[in-house]
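Labels run A, B and C following the written order; every chain starts at residue 1.
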Amino acid sequence: MEIIILLNIISVFVFSISASLSAINRKFDMFGIVLISFVTSVGGGTVRDILLGNFPIAWLNDLSYPVTIFFGTMASFLFTKKLNKFKRTYFWFDTIALSTTTIIGIHKGLDVGINPFISVTLGLISAVFGGIIRDTLCNEVPLVFRKGIYASACIFGGIIYVILYVLEVKEYISMPVTIGIIICIRYYSIKHKLNLPNYKNKLRGIKNV
Amino acid sequence: MEIIILLNIISVFVFSISASLSAINRKFDMFGIVLISFVTSVGGGTVRDILLGNFPIAWLNDLSYPVTIFFGTMASFLFTKKLNKFKRTYFWFDTIALSTTTIIGIHKGLDVGINPFISVTLGLISAVFGGIIRDTLCNEVPLVFRKGIYASACIFGGIIYVILYVLEVKEYISMPVTIGIIICIRYYSIKHKLNLPNYKNKLRGIKNV
Amino acid sequence: MEIIILLNIISVFVFSISASLSAINRKFDMFGIVLISFVTSVGGGTVRDILLGNFPIAWLNDLSYPVTIFFGTMASFLFTKKLNKFKRTYFWFDTIALSTTTIIGIHKGLDVGINPFISVTLGLISAVFGGIIRDTLCNEVPLVFRKGIYASACIFGGIIYVILYVLEVKEYISMPVTIGIIICIRYYSIKHKLNLPNYKNKLRGIKNV
């Protein structure tokens, strides 16, 4: 599972960049930027591990988390303008981070015998709760409540993953398949500006605003 | 304690309806509605179980939670207008949900030897933290901070419950008594528009705004 | 470690006064004031103990917490005006509370073999998370994100403390030294209106707004 560890580090790095960029835009000071970066990067996994009862929480015993977050935050602080230009590259990293975190979360659930479909919830929590905590601390309604399509990509990918798991498909097949599905859904939804229906849309009988 | 399990399912159902109605009013998309509904329904109990150290959290191993929440959310989505008309019926369900959750929370504390009066705190946390998390995620000051009378009903009912517990009164007596007391306080306070005093009232020497 | 227990009670008391004063200013009712006071006073330590896996959380089995918070809240409610005058006295209490909580948090980490520098994070979490939860519940961006200098005082003091710990300096020396350093940084930064740099300042090449 070395690939999982590597992908995990990449997701922490990517999450810390996106979080610190958003803290910089809100004019937080150095401390606020580092804290938001830290909380966003480890928040989802921490909530998942608390629900499962895995103590002490992983990042307390693993220096690779703070070191990765430190470099992610430094990168955002030093290259703020350049990073804003690489939005396309960023999309790929972000999607890979989302998919990896989802798969890791599902695995942590399956490993302790949680029902596969509830494990998908754990994958989702790992993927989106960092961002929910970030937006709540920044005093905003979490983005994911209005742009749920990216969460749906994780849910759909996660369901495929647990189906493959139940069918005993090997991980070196099921993982890239899942990541591929999540990338496709996100790419397609961004290209066609798809959103999930909300109540207003339902009333009017249309699919998107 | 089958009655407790049944009442628990009813409270999860009621909480999920009230939460999803409030998410619908905020124009969240499908994902946001389901997530708010989930977090509100299980939030109070989850915080209580985390504080007590009961892991993994109950809803990870019990499909009745997600299923109940799913039906509650569907009900709100399909019958939004009708549900808004049944405010009187709703009051009864909501109060029963509050009382049950309070009693369950107190029991979980007493069972592991927590001081009876601190157990009341656990009952209160179970009852109100779901709503506090819901309001915080929706970027609002939790309603309970300004309309604390409904929390006070739980506290008062909870104190009566632990007194009856210490006096070794049987549960089939103490539970309906407690639920009855909470219903009376809520009903009376709504009918007479009672609120708890705040600092401004104290200064003016009056009881209610 | 009786001194630690005493200092801990003092910090809970001080945190509960500052929290209830800020709830009073927001016109919360009695229940809201007590709840904000409670959550702020025990919040930092609760988050720390959850991350470490110390269950049940300390205040569930120790009546000194609710009693202290009760008196702190009553004091704020009865002497609201007088307390606002004692800002200078208050600074000292608040700084002592911050330093003590930092040191207690670091100790809890070191005691279970957490890396000393990650233990500083635990100290910081203990010191600032109560306030972060308070501000989030009150629907504000946490003060510490813009006035991080007081968090930096804890971090700097904490680093000195773990260095002295690694050098096996006795606690009766390292504790007052750490508290002294935190007091000096806070006093100096308030006197000279120092803030941490934020991104805007960085761009302009100046140190303070």
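A few notes on this one:
The working rule: a residue touches a chain if its C-beta (ideal position, glycine included) is under 8 Å from a C-beta of that chain, and two chains touch if they have at least 3 such contacts.
Keep in mind that this is a model prediction, so the values were computed, not measured.
In terms of the stated touch criterion, the partners common to chain A and chain B are C, listed by label.
The rotation relating chain A to chain C, fitted on Cα atoms, comes to 120°, given as a multiple of 5. Counting the residue numbers that touch the partner chain, chain B and chain C have less than half of them in common. Chain centres here are Cα means. That of chain B falls 31 Å from that of chain C. For chain C, residues that reach two or more other chains under the stated contact definition are 50, 53, 136, 139. Remark: chain B residues 23-24, 26-33, 35-36, 46, 50, 53, 55-57, 59-61, 63, 66, 77, 80, 136-139 touch chain A in the complex.
On the chain A side of its complex with chain B, the touching residues are 50-53, 109, 112, 114-115, 117-118, 121-122, 132, 136, 139-142, 144-149, 151-152, 195-200, 202.
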